[in-house]
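Right after this note come the structures.
Next come two complexes, and both contain chain A; in the first it sits with chain B, in the second with chain C.
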Partner chain A sequence: ISRQVLWCPSPHCYLGPFNPGLPVEVPVWLAINLKQRQKCRLIPPEWMDVEKLEEIRDQERKEDTFTPMPSPYYMELTKLLLNYASDNIPKADEIRTLVKETWDTRLAKLRLSADSFVRQQEAHAKLDNLTLMEINTTGTFLTQALDHMYKLRTNLQPSESAHSQDF
Partner chain B sequence: AFHICCNIGRISGLSGRRIPRFHLQRAFFQAWLNEKFAPELLESKPEIIECVVEQLDHMEANLKRAKRGDLKVSIHRMEIERIRYVLSSYLRCRLVKIEKFFPHVLEKEKSRAEGEPSILSPEEFAFAKEYMANTEIYLKNVALKHMPPNLQKVSLLKSVPRPNLDSFVFLRVLERQENILVEPETDEQREYTIDLEEGSQHLIRYKTVAPLVASGAVQLI
Partner chain C sequence: EGHSIHSLPLGLLYSYFHGKDNFCSFSFMQGSKLEIPLWLAKGLHDSKRRIISVELPKIYREAWRTVFSADANVVDLHKMGPYYYGFGSQLLNFDNPENPEIAQTILQTFISRFRRIMDSSQNAYNEDTSALVARLDELERALFRAGQKGLNDFQCWEKGQASQITASSLVQNYGKRKFTDVDG
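Our next item is the complex of A and B:
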């Protein structure tokens, strides 16, 4: 559960930790909800800045492997914050473009790796710098494809009882 | 997420185990994700579920006493809905697997050794047995009793597919593991071992890591 700093300007906040005018950290779902009710202002994470993101995007394009991302939820946070709080984020459009470019580069690499994984019939892969969002984009498809291939392969040879169904 | 609303420092389930609030949330979400991504039915977690339900009841009770129109009330309500969603998803995921693999689940439970943890809660066990009985009656009435006498038996254990433990899963390592065996995919390949570093993420066959999932050393993602 990702946390987001938000700033509560109104005097309506009775909750213990909420004092008007003071920044407080809350889970993202709460921050978005309060923002939608116009009870606060959201403060973007420090990596959500044009120079920083340009660096990240260039680094990603340079390397063949996946570079570590500033947040394991960079994509989700970008989408949510730009959708609901773009007025709180300076240069929102540039940021959107930069994050999208980084995402596209990473997904292209992922598709290549998945392809070679399947072709070479690998049994194991290490995916350290991948974020959950990226994994879930191709994950289900990949695992189901691998399962199908496995079934086809093991049915090529008549094997010992284990996998066949007898009636 | 629990911390905003919960006033209790420690929660004890009916089984008497005390689980610190923060660990409860983490353990609960872990159990949910593992259940979602594992191809087989995992151990049932009665102490976690009891605590979560108790937690929900407590929060509902708090809400009833709170002033109306409070910001706090709506936040608590959202929190309750979130927890309910996860709980519901978790229980449904288990029920789907029970229905899908019912003869194997029951067989596993029957042949369980004394002291080994159960994969079914008492309610789930009753459900599975009922499901099996209903399926047998249904097959008998719809087809089997019309068959020639020597073909009127069907072994559900043999005809219902078993969970595919060879499916691939994504995981994150919580506790370092050494010398995990990776079996070859093709005849030309040889098996090899890998070390699982804490915090690393992997794609691998479920069968190899099943005991690590059960022990909590890895988390399926």
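Our next item is the complex of A and C:
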């Protein structure tokens, strides 16, 4: 991601060597740090491009299942890079909008899946291609809701021991 | 037989007991009707001896169950509850012949209201949620708060507030204690 570093890293640094003019792959945290200190220019990942993201967004809207995202951290990377290096990213505003639209579509899809799961009183669900960020945003709600539903379902069993649920 | 049969409508959870020295004894006429706390009714309940029988609060009875199955979303469960699910589940302890229908209605009510709670707690439509929340029972309100928290945490992260380091409340209170043997 990083490029063009003229600063000499400390003797203990295991990254580099940094040669001026040659792109180098570094961890994101280092790239952001160097960029903040104006030591480099960032090259965005290949998927952070308007055409590619439009394709992803459109596929997400078309399909019932979740599109595999180009990165499991697409939200995080978008936020970081657009925050700190928007000058290195062509059409940054469009990219921000496209990613948000894809995110909104995916979350709507997740809620739809959850509702359908609850209505059919399924015992198991498998949702492929979700990212951690999406799971965390809805996860607490979903696990609590399913827990309640499970307890209410055990009420249906006529055995006596099933009826002393604590709420 | 010598066994008394009383019917006890369950509804309000207020304590019935007054008495000197916290001891109470009371006797009933057979056939009298009383309101007692749920926990007491559970204690008195015995399916073999039939000391008491329980009258269902109206929202669990057939007329209201029909309303729920038509559209559970319109019901103000806070007014009718506010512990519709919890209390309803406990009611199933009393060998009422309607128990299967009650249990089914409670479950289906939860299922049909789930979507709206989820969508509004995640601000899916960017609308005022207070009217909805006012009609939720306590279990649903806790769920709503969980959904809101997930959303708020995300928005906080999005704004960059997640990276601000703030003192943990444990640490803040720690400093206020007096140390008598600090250096040992």
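Note that in this section the second predicted complex is superposed on the first by the 131 of 167 C-alpha atoms of A that agree within 3 Å, B and C clash if a C-alpha of one lies under 4 Å from a C-alpha of the other, contacts with A are read in each partner's own complex, and residues count from 1 in each chain.
FYI, a contact is a pair of C-beta atoms (placed from the backbone, for glycine too) under 8 Å apart; a residue touches a chain by one contact, two chains touch by 3 or more.
Everything numeric here is computed off the predicted structure, so don't read it as measured data.
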item	value
Chain B versus chain C as contact partner of A:Gly139, first or second or both or neither	both
First, second, both or neither for A:Ala92, with chain B first and chain C second	neither
Partner chain(s) touched by A:Leu156 [first = chain B, second = chain C, both, neither]	second
Chain B versus chain C as contact partner of A:Gln121, first or second or both or neither	both
Which superposed partner A:Leu82 touches (first chain B, second chain C, both, neither)	neither
Interface residues of chain A shared between complexes with chain B and chain C	121, 139, 153, 165, 167
Chain B-facing residues of chain A, complex	1, 12-15, 18, 26-27, 29-30, 33, 39, 117, 121-128, 130, 132, 135, 139, 142-143, 146-147, 150, 153, 165-167
Residues on chain C engaged by chain A in the complex (per definition of touch)	83, 85-86, 89-90, 92-93, 99-100, 103-104, 106-107, 110-111, 114-115, 117-119, 121-122, 124, 139, 142-143, 146-147, 149-151, 153-154, 158, 160
Interfacial residue positions of chain B with respect to chain A in the complex	1, 4, 70-72, 75, 78, 82, 154, 158-159, 161, 164, 166-170, 182-186, 189, 194, 199-205, 221
Contacting residues of chain A [partner chain C, same complex]	79, 83, 107-108, 111, 114-115, 118-119, 121, 133, 136-141, 144-145, 148-149, 151-153, 155-156, 158, 163-165, 167
